[in-house]
Every structure is written in structure tokens, then in C-alpha cells.
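In order of appearance the chains are A, B, C and D, and numbering begins at 1 in each one.
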Amino acid sequence: MNGAADMGGMHGFGPVVPEPNEPVFHADWEGFSFALNMATGVAKLWNLDAFRFKRESIPPAQYLNLSYYGLWTTTLEQMMLEYGVATPEELAAGHAIPPVKKVPHAVTAAEVANMVRCGSPYDRPAPAPALFKIGTKVRARNMHPKTHTRLPRYARGHTGEVVRIVGCHVFPDSNASNAGEDPHWLYTVRFNGRELWGDDSDPTVRVCIEAWEPYLEAV
Amino acid sequence: MNGGQDLGGTHGHGPVEPEANEPVFHAEWEKRAFALTLAMTAPGGWNIDMGRFARENRPPGEYLSMTYYQIWLAALEHMAKEGGLVSDDEIEAGHSLQPPKPVRRILLPGDVAKVLYRGGPTERDTNTKPIFGVGDRVRAKNINPLTHTRLPRYVRGHVGTIERVIGCHVFPDSNAHGGGENPQWLYTVRFDGPELWGADSDATIKVSVDAWEPYLSPAT
Amino acid sequence: MSGHEHDHHDHDHSELSETQLRVRALESVLTEKGYVDPAALDLLIETYEKKVGPRNGARVVAKAWVDPAYRARLLKDATPAIAEIGYAGRQGEHIVALENTPKLHNMVVCTLCSCYPWPVLGLPPVWYKSAPYRSRAVADPRGVLADFGVTLPKDTEIRIWDSTSEIRYLVLPMRPAGTEGWSEEKLVELVTRDSMIGTGLPKSPKDLAK
Amino acid sequence: MQLRTRALETILIEKGYIEPAAIDELIETYETKIGPRNGAQAVAKAWVDPKFRQWLFEDGTSAIGSLGFGGRSGNHLVALENTSSVHNMVVCTLCSCYPWAVLGLPPLWYKSAPYRSRTVADPRSVLRDFGMELPKDTEIRVWDSTAELRYLVVPMRPTGTEGWSEDKLAELVTRDSMIGTGQPKQPKDLG
């Protein structure tokens, strides 16, 4: 979707302001927001792409005014409602409302350690050979789905070159809508800055994105 | 600028919600903000393009969470301060603290009807000829200026057809930034929906935008 | 939550009163300095609140429905044709009239701000200036029309006019059936504001009877 | 937001989806165990050990794995080599993808709208926000990590560090130098 999350090339946000000696979390609740999202991820209540889609679906005016972990907490609330993990009454009360049906197995500290160590790989066996080779000139498709996609708007319609074949991976556009993993080949594609931003832009800039095969067409 | 104002084709803003029997203004202050903005054009000496840039030139999150006349007011304050007509401490105090700056003219009640009727035509005489004619295929240039432009992001890089040669008009990209009126030929360009939004989009849609000649190149 | 974020709904009230105070302060400063004349402000407000509004456009449309020569002049060069009836000026210096036909429906938006033909329609409604309308009209006009309860035949061509520059557009809707022999005055009653923006259709004789 | 987050935690625990100890473990892991020291070790090793360096650029994931780092947000790690003519910078325009395994959690500025919007279009101005100016003809490669790969920039080894131990070199490697928004410290910076 062309939501507020798709920020590449937007103007007006001001300077980048690095914070000296920045703490990992700026408040206790940020740490909890982070950990709750990780733990619910391990519990496989939903997939990561669906979570991302929910997060970027927050109306732009709200998205742009929420802090980073404010976004996470807001998204988690909405996911819990959508997936039936909690009711609006429970969110309002701040407690589970009886009768509480306990799930058989909670995420444990040991599983957390394992998740941190192993991650959750998204590579899958390839259903077909890769269409493009390193060096192939490709154009990012002009597409504007209202659903989740990882093809940034600024790259669409522009021509670049395949510089790496990453492998065959779960396709977020499909997975985010719970329409299956539908794995596709994933490539790194390099664009010249001027191709993306016009003749007045810095000629020394190159931008690399990762693009699944359905995002690309041969030139 | 690719700011919060350039909304064409962005998602997630929700449904359009028409208000039944909507009043012209929703609060007393909106009326005042509106009238002040119009009345200050004369003493302020700024033009419409400067005004538009003053409105759009703010963080997108701020732009999108302000109401319409809040944005007008913020832009008016900004321009009045930039022009040295008012200062922060005066707005804070709610009163004039320093003597006024001499201005060329102000809007008098007797002139309101006349000024509104005259408007602000932007067409200018020229001895140049338009490069493009009706039916020509043109590509909207891929430009991404940090300054004011009237070429929406969603048409950039796309090919359309000239459907009208409008005339030679003040060029906002210059006029907004003290670059003078720099008049340029203005065209209406029509784009097919699928050209703008991809093969999956509604094929019955055509979108027309008005584009100044510097925004366009011949499509080959 | 960190300091820079806020929840609109909670703050709407205080923000508005804060804005109210700021406007008052600015008006006082500008008046005291002699940059603005309060009587001129009142006149400006009265003009757009009471005098200029969609009735103007409705008269233009009704005249075009009954007078073929006027219709031709309007479609050829709308600015002088509209001035004939006495409407002109600010935000209407260059007006183009767009003719709806059974095969073609026109819709007007300004994706970059709020350009709108003031002399014929007055000031735009809030929805016209809102992010939902400005973002979706160019890409998903049928979805927007659905928000207004309007469904067009699938094969109707929809032309969106993104009025981001100097031209202001006035949609000339189709004359409703069953209005043969009606006076211009009576036809005016059928012409809604939204039908001249393209987000609605004119009323039908049946609607008037209600 | 604090109350809302606390409410979610309570509900999830009461329903048995998570154990409180797991939450504490997660927070502790990312607050104290995983951070840019991991990446700095890898970079320092690449500076002194040509074989490791080659391995790191050929297969970043395995090379990093050999140091004991890997897993979440580091399953497909690509190391990017800065040279005197090419400077690499990493961003995620769509959200906040970041190589957690080697750098920990991203700083606020990395997740902020200014960084996400400007880095792909005008990286030099972003570098200026960090007080950094590159030669005009240096090629800047921006890597928008919106999918599966996570990138680690391997900065150039500072001069005047000949014969230094890996541990001492690691002190020079700043987090920002591994994102591309900074340079490593110089020997004189260490005092």
C-alpha cells in the first residue's frame, strides 16, 4: 500500500537528529512493547508480514505522529482484536475477562533464547528456476496495491540492474494477506540515483533495493 | 516538494465523509483566518505560490493532522513573520508592540468586491510559441525539487497526451521562491489510468493534470 | 509515549481554543498596525458565507440546459460565458466547463491543495480538502463515488481533472429526464453542488417532489 | 501508551500466550547482550585477518556465525566493503529492518521519518546531519533493506593502527560506521 510507511524520497521531515548515548529503550514500556511483539511472534499468532501490513495501515496522520514503540503497541492491540486474542472490553479493562480459556502452551524464556539465536528464516525451496541473472536490466513494475508490498514507491517504473540473486523467499505480498507463502525468487537490484530522482540529483548516488520476481519485468 | 500535501494515490486515509448541510465555516475563528489571509495579500506583498509553499512546507505528520484553516493560519503567521510585519512576542501578547512597517497598500472595505471580481489572472503575454500541440505524446519529467512545484508525484515519469494548450502562465516553481513570474506555456495533459496506476487498475479512468512546459518532455 | 506525539481526539478541544486565541491575537496585531481593516474582513466573510455559493454554478448549468447557444459558448470558453451571468474573479480566473455524457463522467479534485472554482461554487466543503478525497479521487474514483452513494455503469469512462494549476473546472451534469418544458428557475433547483464537482448527480424531478 | 502496553502484557499473560520470564529475557537480551560490540568484533577481525575478510564478503552469514552471532534479523547478512571510492549506507525506507544480530536494536534516528525519507534521495545531506562530508566524487551506495537481507558496512581501517590487536581495533569501530552514517574512530580519539 502507498501508506505513510513508504517514506523514501518524501520531503519536509527535517534533519536527522542523532541522540548521544541513546539508550536501547527510552522508557520501560518500550521494552515491554518490544518484548510482547517478539513473544507473540514466537507464539505464531500471526505472521510478520501481516503484522507489518497492520502497522502501515494506521492512517498516515496517526502513523506519522506516533513514536516508534507507540506504533508497535497500537499495532499489537489491533492484531489482538483482529485475531481474537482479546476483546475490546478486555483491552479497556486491562485484564482478561473470565471465563479465560488458557492456551495449552505459553512462550517460554528458553524458546525466546532459541528464537534470538536462530531467527525465523523465510527461505523456501524454489518452485522454478530464477528468471533473471546478475547483470540483467530490469524495470520495477508500476504497481499500486492497496495491500502489503515491499516494493517502495520511489523505485516503481524505474530501471536498474540485478546485482545479486538472494534466493527463493516467502512472498510478503501474499503472506501478509494470509494467502499463503507463495515463495518467489528475490533479487538485489541497483538503480542509479538520477534514474530515481531525475537529472538534477546527485550523480554519485546508487540505491539498491531487494525485489521479488513479481515486482520486476525484463527491459 | 514531496510533502504531506502531495496526496494523489496515497492510501490509508479512510473513506470520504461528506457532511450533511455543511456550513461554509465551522467556527468563528475559521472565518477570521480566512478573511485575514485574503486581506493580508495586499500589505504582505506575497503571491499565491508563496502562500501555497508556506502551507505545504511543514512535516507531513503535522500537515496531515492539522485542520484546513489551521494550516492557513500557520502559513499566514509564517509569512507575516518572514516579512517582518509581526513578531512572535506580538502574537504572544496579542497586541502590536512595535511600530508598523510601511506597506504599499491595504485592502479597504470599498475595494473588496472589486478585488474579488478582478481575481488574480496569471496569463501573460508572450512572443514564444508552445513547443507541444494538441495530440502530442509527452512524458512528465521525473523531478523531485525540495521547493514548490505543481507537478504531482503520481504523474512523474508517465506518458500522456496533450489535450489542451491553455496559454502562457506565471510559473509557480519560480514565483513561489522569489524567482519572478517566469511565464511558461501551460497544457492540460491526459493520462490513462493504467499508465499511472499499473496494469491492474481501472481501465475506464483518465486523469488530466495541468502541466507547465518545463514539466514535460516529448515522449519517444 | 514520548513528548512529540499526541492523540488528536483528546486534544481537539484545547487545540481549537488555542487556535482561536492565536487567530484573535493575529487579527489584533494586524489591525492595530493598520495592515488590515476590520470592515474589509467582515465583508470578505459575508461575501463567501452569504453571496457566493453553488447557487451561482446552478444558474450557469440550468441556463446551459435550456439555451443551446449558451451551452456552446460555455463549453467553448467558460470564463466569459460565466461572466455573462455576472460571476467572475478570484479562484475563477480561468474556468473550463466539462460536459458529462452517457459515456463520460467528469470529476474534479486538487491533489496538491484545494483549488476550486470559487465564483461558481463558493468555498469548498471539508471533504473536498480532506486527505481521503485528495488521495483516492485520482486512483480510485469509483471507490470515492461509492462513498457518495453513486454507482456509474461499469463501462462509463471517468475523467478526473486534477486542478493543480490555473484552470478551475465546473462539471456540467446531464439534464435529468422528465424535465421537458421546465423553466430555468425550476431547473436550478435540481443542480446540486456535488453534481458540479462530479461526486454526485443532479436531483431528479422525483427528489424535488419529496 | 505505558498503560496500554501494560494492559496487553497482562492480558497475554493471563491467557497464557506468554510467560513473564520470557518477556524479561527478551528485554535483557537486547538491552545488554546483543549490540554493536558484536559487529565491531567482526569488523576488527576482517581488518586483521584477510581470510576472514574474504569469507565475510563472500558469505556474511556464515562468517558472522563463526563468531557466534546470527539468528533473528541476521539470517541473511551481507557485508558491504567501503573503499576510498565507494561509501555504503544502509536504510529501511518501509519500516526499520536492521541487522540485530550484529548491531542490536536500531537507534531512534534510524527509525525516524527524516532518515527514512532522505537517505535514498539525498544521502550526502543526511551525512551532513552526522557531521560527515565525503569527497565529491565518492560513489555512495544506499542499500534499502526492505526484504530479507540485512547489511553490515565494513568501514575502512583507520591509518596508524598497524600492528594493533583485534580487541584494540574493535574499540575503533562505532555503530554508525557499520551503518554508514559515520567513520570509525581514529587512534587519537581513543585517548
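Note that a contact is a pair of C-beta atoms (placed from the backbone, for glycine too) under 8 Å apart; a residue touches a chain by one contact, two chains touch by 3 or more.
Just so we're clear, the structure is a prediction, and the values are computed from it rather than from any experiment.
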Greatest separation from chain C - chain, by CA centre: D
Result of counting contacting C-beta pairs for A-D and A-C, higher pair: A-D
Mean-CA-position distance for chain D and chain B (Å): 42
CA centroid of chain A to CA centroid of chain D, Å: 18
Chain C and chain D, separation of their C-alpha mean positions in angstrom: 52
Multi-partner residues of chain B (at least 2 other chains): 9-11, 13-14, 56, 59-61, 64-65, 144, 196-197, 201
Touching two or more other chains - residue numbers and ranges from chain A: 9-11, 13-14, 26-27, 56, 60-62, 64-65, 67, 70, 144, 196-197, 201
Residue list for chain D, restricted to those that touch at least two other chains: 1-2, 113, 121
Contact footprint of chain A on chain D as seen in their complex: 1-12, 14-19, 21-27, 29-31, 34-35, 70-76, 78, 93-96, 101, 104-105, 107-109, 111-124, 126, 129-130, 136-149, 176, 181
Chain A contact footprint on chain B (complex, rising order): 1-4, 9-14, 56-61, 63-65, 141-146, 157-158, 196-201
Chain A-facing residues of chain C, complex: 1-2, 4-6, 8, 131, 139
Complex contacts: residues of chain A adjacent to chain B: 1-4, 9-14, 56-65, 141-146, 157-158, 196-198, 200-201
Residues of chain B defined as touching chain C within the complex: 5-11, 13-19, 22, 24-29, 31-36, 38-40, 43-44, 52, 55-56, 64-65, 68, 70, 73, 76-77, 80, 85-86, 90-96, 99-100, 103, 106-109, 111-113, 115-123, 150-152, 154, 164, 166-167, 169-170, 172, 186, 188, 190, 193, 196-197, 201-202, 204-212
